[in-house]
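Two complexes, one shared chain (chain A), two partners (chain B, chain C).
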Partner chain A sequence: MIWQLDLSILTLIVICAFATIMVKDLLSAAIIFGAYSFLMCLLWTEMGAVDVAFTEASVGAGVSTVLFFAAVHQTTRRVRTRKSGRMLAKVFALMAALLTGLVLIIAETDFPGFASPFTPASLHLSPYYITQSLHDTNVPNIVTSVLADYRGFDTMFETAVIFTAGLAVIAILRRYKRDDRCDLPEPYVISEGYPDTIIRFIARQLAPFIQLFALYVVAHGHHSPGGGFQGGVILGASFILLAISYDSRMIIGIMSERLNILLGNIGVLIYAGIGFLCLLLGANFLDYSVLSKVLPATDKIMARSHGMLGIEIGVAIAVMAIVISIYLNIISHGKYDKG
Partner chain B sequence: MDIVVIVLTVIALLFFFATTVGLLRFPDFYSRMHAAGKGDTLSSLVILLALVLYNFHEINLANLLVAMKILLIAVFIFMASPTATHAIIDAGYESGIKPWAKNPEEESP
Partner chain C sequence: MDSFFIGTGVALCLLMLLTLHRAIHGPTAIDRIMGVNVIGTKTTILLVIIGTIYHRVDMFIDIALAYALLNFIVTIAASRYFQQHKNLNPKGYGYRFPAEDD
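Let's look at the complex of A and B:
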């Protein structure tokens, strides 16, 4: 921790946050929000939370910025300036915000000091994870073992939440009939554009390497920062890159909507299925150590490691499918998106 | 070795500085992107090279692997950054941004 660096990054973060709200141009707001995410990522790296920083870089700065762009491209770029709202409502909102802040500050005094070594969590739980993780699960990256094993139940429902988000986007945006698409504003099209050879070539060359890197992130999450969520997002991003530089129709050709939803289902199913497999073998839900009975050449400890790998793969498949399907649903109203 | 690292880092920082100055001072969209694209790519490459050398305090397999990864990042930047610059400039050209001319009345070809 270098406090000068911390301070400057934090200042920039606050500036970015205000700029995101104040800027009238929504596209600029999306870009500034991406910068905000990257600064958060820097801050987390600096605090030593590399896994969180990785997630922020891939999800917050990467994919969500692209999704914002797609949404802006489909709707409108300008903020509708509202004539000065009612004074009473504004005062009420200010009062509500102040009151909530006050309550939070009062509640905060009951908490133990920030990162105090004397809280119950730091006294019992964290030392156990830090000292026993390698011994219990044979996974050097503590974050992965905590995420996928010690609190695997939690992570399963995180995957389910992402899956539900994808379903919600499909339910809201997807239109099967053609006749009810009328009262959306026409997307502002910069120009139809000619196919750009350079961008297409580079995107085509880079995409396999990005996918390879994503698989590495998934599989190597036991030893280095990374895991199912980040790997899945990177996999999805490689498809989105192709969709932007070519045409979303081409991606629909590779990953049809049916296949996407199927893959999302399969991903969540792999996770839950491994959990149920543990139940069937006579242990608790998601207790991977019992998997050593079915996996050849493993003892109980390696089985936990392999079980984690299995669920990470499930998470990656689900996240990839959902990211692609959200992008396609947002963009599918447009005809041709230019890099 | 340390001296080489320091020299490379200083060179990279100089390029970054030039990029920033260019980004702020150039008159129009195209020349600004020109400064950003070229300066950014080169200075990132130089600073990554400095990191590779800094990594080699002692030569062993782990350090070699880290160096390989950094070099792969350099290759990625070398491909992706000019392409991104090209894409932005292309989009600007197609949306009809006029290049800057010293004399606004004079039609630029």
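Let's look at the complex of A and C:
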């Protein structure tokens, strides 16, 4: 917590947020929102929430802005605003926003100070995590051990939520030839035009390194910020980079729709399967310490560490497949033929 | 030494304000893309500087690396958009969209 940096970053964030709302051009709004995401990542880093910042870094830089671009690319940049009427509704919305803000400002005075050790949240459970998690699980990064072990159940359903989001995008956007009743215009082909040798060369050379880095993030999540979500998003971003610089057909050749959905399923299944394996071995759901019975040469503590690595890999596979599948669906109008 | 790094960080934030002005005011979308790209580069440096202030660079270098590797994907995606659609500003220089009736 460095107040000088805190103040300057917060000022920039507020400017960015207003600019994103005020700009009438959707493409520009998406670009400025990218800057907003950079600054949010900085703010979180500066407050010490390194894992959250990493998630924001990988999602904001790699995926979300590109998905906005893809959506604008396939629809329109123009904003439609109502000019006439609805004055009452606007006044009412303004009043509601102001009132909520006022209530929040009043409530803010009751908050404990930043990082105060006497908040109710950090009085009961946090000391246990801080003092015992290394001893319990042999994982130095407390965030990973809380996320994947103590709160493994929550994280499993978070993965399921991402999987459901991917399914929803497929259900809405995917169009099959035999029951294609709506006549949308042909998708703009994002990679049509002259073959750009420089961009293609750089993307081709860089993609393996990005993937290697993503694998490092997944595997090293026990010791440094990172883990399954971040690594999976970076893996997906490397494929999106190839799809942008070449053609989405090339990516469909590597990661076909069937393979994508299969990988998404397998990822969630690995997570739930490890949980059920624990159940079969006679412990609670996702209680990894019992895995020492099946894993060779591990005691109960190392088994928890390995169990976490297993579910991180599952999360990474699921997130990667879902990210790629959402991008391909948006960019090809759900037809998977070009784009 | 810490005050030096804090000063550097604040100076970078001030420089970011200048690029943010370009990113918000445009006038063309290419200006905005370049502005945001420079903000991303400065973010990479600022992350390392924050890491140095906290004396845990090893924790922060991964995030900086992720930005360094992924920052240009957005730029390439935007350039692809303009390669396809050609017009940088839909109705010419400095045009503002009128509110459209529904």
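Just so we're on the same page, the second predicted complex is superposed on the first by the 290 of 339 C-alpha atoms of A that agree within 3 Å, B and C clash if a C-alpha of one lies under 4 Å from a C-alpha of the other, contacts with A are read in each partner's own complex, and residues count from 1 in each chain.
Keep this in mind: contacts are C-beta pairs under 8 Å (C-beta built on N, C-alpha and C of every residue); 3 or more make two chains touch, one makes a residue touch a chain.
None of the values given here were measured: they were computed from a predicted structure.
In the superposed model, A:Ile330 makes contact with neither chain B nor chain C. Using the contact criterion defined above for the overlaid structures, shared-chain residue A:Val139 touches neither chain B nor chain C, since it reaches no partner.
Of the two partner chains placed around the shared chain by superposition, chain B and chain C are both touched by A:Ile199. Touched residues of chain A, counted separately for chain B and chain C, are more numerous for C. Residue contacts after overlaying the shared chain place A:Pro225 against chain C, while chain B stays out of touching range. Where the contact sets of chain A with chain B and with chain C meet, they give residues 190-191, 193, 199, 203, 206, 209. Only residues 76, 79-80, 83, 86-87, 90-91, 94-95 of chain B touch chain A when the two sit together in their complex.
Chain A meets chain C in the complex at residues 2, 4-5, 8-9, 11-12, 15-16, 19, 23-25, 27-28, 31-32, 34-35, 38-39, 41-42, 45-46, 48, 50, 53-54, 57-58, 61-62, 65-66, 69-70, 72-73, 77-84, 188-193, 199, 203, 206, 209-210, 213, 217, 220, 224-226, 230, 234, 237, 240-241, 244-245.
Those residues of chain A lying in contact with chain B across their complex are 190-191, 193, 196, 198-199, 202-203, 205-206, 209, 338-339.
For chain C in complex with chain A, the residues that touch the partner chain are 6, 9-10, 13-14, 16-17, 20, 23-24, 26, 29, 32-33, 35-36, 39-40, 43, 46-47, 50-51, 53-54, 58-60, 62-63, 65-67, 69-71, 73-74, 76-78, 80-81, 83-85, 90, 96-97, 99-102.
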